[in-house]
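Next come two complexes, and both contain chain A; in the first it sits with chain B, in the second with chain C.
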Partner chain A sequence: MAMIERTEWYDLLRATNWTPKYVTEDELFPEEMSGHRGIPIEDWETYDEPYKVTYPEYVEIQREKDAGAYSVKAALARDKFLERADPGWISILQAHYGALALAEYGAIVGEARMARFSKAPGNRNMATFGMMDETRHAQLQLFFPHANCKLDRKWDWAHKALHTNEWAALAGRHFFEDIIHSRDAISMGIMLTFAFETGFTNMQFLGLAADAAEAGDHTFSSLISSIQTDESRHAQQGGPMVKLLVEKGMKADAQRLIDIAFWRSWKLFSVLTGPMMDYYTPMEHRSQSFKEFMQEWIVGQFERSILDMGLDKPWYWDQFLRDLDETHHGMHLGVWYWRPTVWWNPRAGVNPDEREWLEEKYPGWNDTFGKCWDVIIDNLVNDRVEQTLPETLPLVCNMSNIPIVGTPADGWNVKDYPLKYKDRLYHFGSEPDRWCFEQEPERYADHLSFVDRFLAGMMEPMDLSGALKYMSLAPGEIGEDAYGLAWADIYKEMAHKKAG
Partner chain B sequence: MAAFPIISNFQYDFVLQLVPVDTENTMDEVAAAAAHHSIGRRVVAQPDKILRVRRYGAEEFLPRDMKVADSGIEPTETIDIIFADE
Partner chain C sequence: MSESPEVLKPLKTWSHLAKNRRRPSEYEITSVRLHTSMNNPDKPWEMDTNLHMNQWYLKYRNHSPLRLEDWDTYRDPDAIVYRTYNIMQDGQETYVKSLLDQFNEREHDKAIDTEWVGKLAILYTPARYVFHALQMSSAYLAQIAPASTITNCSTFQGADSHRWLTHTAYRTYELSLTHPDAGFGQNERKHWEEDEAWQGFRELTEKAMIAWDWGESFCAINLVLKPAVEAAILHQLGEAGRHSSDTLLGMLCDNQCRDSERHMRWSKALVELALENSENKAVLTDWMDKWMPLGINAVEKYCAALPDSAEAISNAKAALEKSRENLGV
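Up next, the complex of A and B:
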């Protein structure tokens, strides 16, 4: 049978809306789910997604991608890479899978909302592919780590993490529920695909794919690259939404959504990706520092894309650029110090040569974060391990739900950004975090942070053991130092030589 | 007497921490409770200095013998713990 050329039917297909007969248009596309903002459906039909694909093309491409990722995994299974990999690299994988695998399932819901409720037929078409993308990502990132469960229970956290009340999982859920699960299709499309995926997914996936290849983990590298190529397609759905809102005089609305989602994304990446790139990845395998990567892939590209859309840089842009030098160092120090509270084994990453690298990439590191590590190292050298473990909780931000940190020692600038709302005292880690809350206080006001839950008596007993139980962290899953503290031996030798 | 949670912003440390104190504790006792979670863990001790407490953002220290109950500090309020000469 002769096939009609794609060019002859594609535009008609992707721009077709139907005329409802049994319900009204408003019933078919209720504003609270659709988010059409009163823009007529004819205008939504002008929505023009940059990347176009047909279903047969999609299936063919995805089949090849899946075949590639699964065959690399199968081919390298006997290589037993994980049994010789640096423990820091394994921690990266375990942290990554736990934080993201089930979040991909969450993203399916977001894509489904656009596929059902967007008034733009082109958006509905692309979101249908997006749903299938996210399904593939969730399945891949559950299947790959599952094969390793026999090695270590921490691999099981790919499936488990987001079902628990572990603090990082709480932070992830709070973020994804804000930008995906509780927004209309258009707000969600802008926040998830434009701000989070365009802005940050590149970071996690391109950066990690490069580091994975360097580290010799070709299975993970091919998996991540396979996912990234889907992301780069479906992340383009938000752009035309922003364009239409700007054309219709709703720039402030689009700007606010992006400003919230970008800041919230940044905070999550500062605790997850920053430590991975600058501390967990063995130094010889680092392609760029976290800051360099952010500057190249986020700052440059995202800045261009928002200005191209007729938007402005977020109001906190200067602070964001300054924070690239600081925030993730504090997050790393916190995660390492409170290591029993995470499902992976944090790698300290502060050997003398690593400190030299940190000082080169972040001038002043030794006089600030380095001074906290000096105290920790002194404790390890003198066998005071108990002093390197927590006896209380760090305060977590009521927006990002991650610890409130700053620069210590000579650059001491730790700040709280409190807010009293309806007689409750909230704490925020930055002015933009507090600003996010103030945009819509009732959206966030009832949420209890990890510390709020502790104080409300939700953890019994009220100590670390009760907190670990609340987080579902069982023996074998509780985080420890990635090297069992053996990295401090070099400092013991140095102290021994110095003593003479 | 009642348990009273405060948030410690300890000078030279990198993180805010939850510290349980008591309404009957003096500011010196509050400072010592906060120091337990910072000094010798990530902050170097300064034996020639004393630790003073001030409400977050304030310039004046609270009197060393003032009790929490009399200080006006609210539960979970952030306080600064600062190395001082006197």
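Up next, the complex of A and C:
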């Protein structure tokens, strides 16, 4: 058909700002929702979205993508992959869907904020497609796991998790609601699309897709790599915002938003994606270690993209690079130990050959994290399972809302970073977490972490059973060791041989 | 854990749908109860209670005078999900592309008379502003709605509004090729801001865009502005096109009406649900009383500029009033 090329008429799609007469411009774009920062509207009109798509192109491409993802699901439905999948892999799926399906849905609010309140017409159009994309991601990531509800009650958490006060769900909400829902359109555009989606979604949706393909889960692999094709498009909305802020002498503002969002994203991934990649994925299916993925997608690509924008690496960059060797091992240890408090079954992932792999990827692992596992293994070998289960709660960070961890044993560096603000003592897991709080204390001040709530008497009775009730976790939903502790048998045999 | 011996059994669907007797549809599985910010009535977001955005959502959503115990019971009568939306609209776009292509091949734009070309420049192509305003307003409703099923309808409505903007932008450029001196692609903003025909719509649009209460926003945009756009632009302008040998415009408007009628179906369903709480009748009626005069003013001013204006005005006003009557508020 002889249709006119998009480039000829595309600009008319963006010629949509007008001067209001019956209300004021400030009423139409309130600063607290819009975040225009006093930059004149004409300057916002120079915003040029790097990725351009029109409505007819969008509905055609997306229809085709969905046809692909749904047909893979349909074709493989009879394959019953889950029946032969490693229990660790099933835990990955349950953790992933629970943490992300409704978070993706929540991202609609952020895209909608740009679509309504951004003064840049091109941004408003792309965000309209962004709203559609996030609808897609939520619906796909609800529809796919729903088919598994009949297998195990934990699958219910794909929908349920973020509605609960389960600690990881609470941490997820605190993070997403900080960088998305409670920010103006421009801050949110920079924090969500530029700082989070540019790098971190690659980790979750491409890194994990590689592992999924290795593990033979082609349904999940094709699903999440298809999602990433949308992410990589709408993630580009933040770039031109950063560029404009830098041009207008507001580099420090952009830098601060990115530094907060980047650190917070990293902490969330250290508890979610790190354990999945280095412990839950069966060793033979790991395409790279978590650290290697991080180095490729975050350190390599993201670092380049921030420098290209004229920004600096976040001030804590060296610490971040060091933490790549450490944080997620501590998180994993904590999640496994507190396994009744999650909606999936953590896989320990510390068989002798796995420990060898960990030592190779993270030199020194055996002398640090390995020593904690030695104690756990010793307890399991000697049938003291109760000593591998929690009776209390961990100290939780008032920013990341996840446990405060560090390196144990020979590399001991576990430390609380406290801060007194208006007569309340807050606890943080790191200097950057505390720094995030200090940037805008009133944004976070009256929020109670999971442990704060426990201490405030919001959980009855005041023990683990009360905490589980508060988290809406009942037997059948609460996490157990992915193999029912059978992985420790090899250590029992070893101990036997040694004794014999 | 030994205190609670009962182990939860797997269910056939999400626990929140399990009590329903019918097997859930794809729509229900993927659309219902997805907003988590309604769970704590005093604090929408996990941030400080006094944070601006928490206060905004408390004021304009949680404390709206439009109240219902559970907005999550709302269902889109068309039960559209993302996947079916794209199938449906890709089909419609294929149709529109073929319309544009066929009329282009027949040199349609050369055949329309000069007087109508002038009308198009003033009354048609500036519509991209009002269409874009609908896109923006739908995005507001999507972010402030108290139920995911309402957000989804608003999201699709926003995309549809962008669809109308896209058709209009395309036609604006195409008309400019045949009629380079008529101001296509040049003067739309001026007409929108200055031409008397648009001032009613502009006033209604601007004021409706800052009606922040979610219920009032829905009322002003979906129950007044959108029906006014449908009555005056999609119907009366389209009809005037047919009488001025601009069949293409009539057919384009008809196609957009398919979207508009779907929007009215979901809007009517939401009004019906709201009326399950009898106190909402007065709330909605007050809002309609406030916004309808602006709607009537918009269609009157706009239709007054159409050929056969007297008939256009009375038809558009009657359509707008009928639309309200059908809503029962």
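Note that in this section the second predicted complex is superposed on the first by the 493 of 500 C-alpha atoms of A that agree within 3 Å, B and C clash if a C-alpha of one lies under 4 Å from a C-alpha of the other, contacts with A are read in each partner's own complex, and residues count from 1 in each chain.
The rule is short, and it goes like this: contacts are C-beta pairs under 8 Å (C-beta built on N, C-alpha and C of every residue); 3 or more make two chains touch, one makes a residue touch a chain.
Since we're looking at a predicted model, the values are computed, not measured.
May I ask you to decide whether A:Tyr337 touches chain B, chain C, both, or neither, giving the answer as first, second, both or neither?
Only chain B; A:Tyr337 stays clear of chain C.
Is A:Lys313 touching the first partner chain B, the second partner chain C, both, or neither of them?
Touch partners of A:Lys313: none, neither chain B nor chain C.
Classify the contacts of A:Arg453 with the two partner chains as first (chain B alone), second (chain C alone), both, or neither.
A:Arg453 sits against neither chain B nor chain C.
State whether chain B or chain C is in contact with more residues of chain A in the superposed arrangement.
Per-residue touch count on chain A favours C.
Should A:Ala445 be classified as contacting the first partner (chain B), the second (chain C), both, or neither?
After superposing on A, A:Ala445 lies in contact with chain C but is clear of chain B.
According to the stated criteria, A:Tyr105 is in contact with first (chain B), second (chain C), both, or neither; which is it?
second
Both chain B and chain C touch chain A; at which residues?
Dual-contact residues (chain A): none.
Taking the complex as given, what residues does chain B use to touch chain A?
Going through chain B, the ones touching chain A are 5, 7, 9, 11-20, 36-37, 40-44, 56, 74-78.
Would you mind writing out the residues of chain A in touch with chain C in their complex?
Contact set of chain A toward chain C: 1-4, 8-10, 12-13, 15-16, 18-23, 27-28, 32-33, 54-56, 59-60, 62-63, 66, 70, 102, 105-106, 108-109, 111-113, 115-116, 121, 124-125, 127-129, 131-132, 135-136, 138-139, 142-143, 146, 149-153, 155-156, 159-160, 162-163, 170, 173-174, 177-178, 181-183, 340, 442-447, 465, 468, 474-478.
Within the complex, which stretch of chain C touches chain A?
Within the complex, chain C touches chain A at residues 1, 3-16, 26, 29-31, 33-37, 39, 44-54, 56, 81-83, 85-87, 89-90, 93, 96-98, 100-101, 104-105, 128-129, 132, 135-137, 139-140, 142-143, 148, 151-152, 155, 158-159, 162-163, 165-166, 169-170, 172-174, 185, 188-189, 192-193, 202-203, 206-207, 209-210.
Report the residues of chain A in contact with chain B in the complex, numbered from low to high.
Against chain B, the touching part of chain A is residues 330, 333-334, 337, 369, 371-372, 374-376, 379, 387-388, 390-395, 403-409, 412, 414-416, 418, 425, 427, 451, 454-455.
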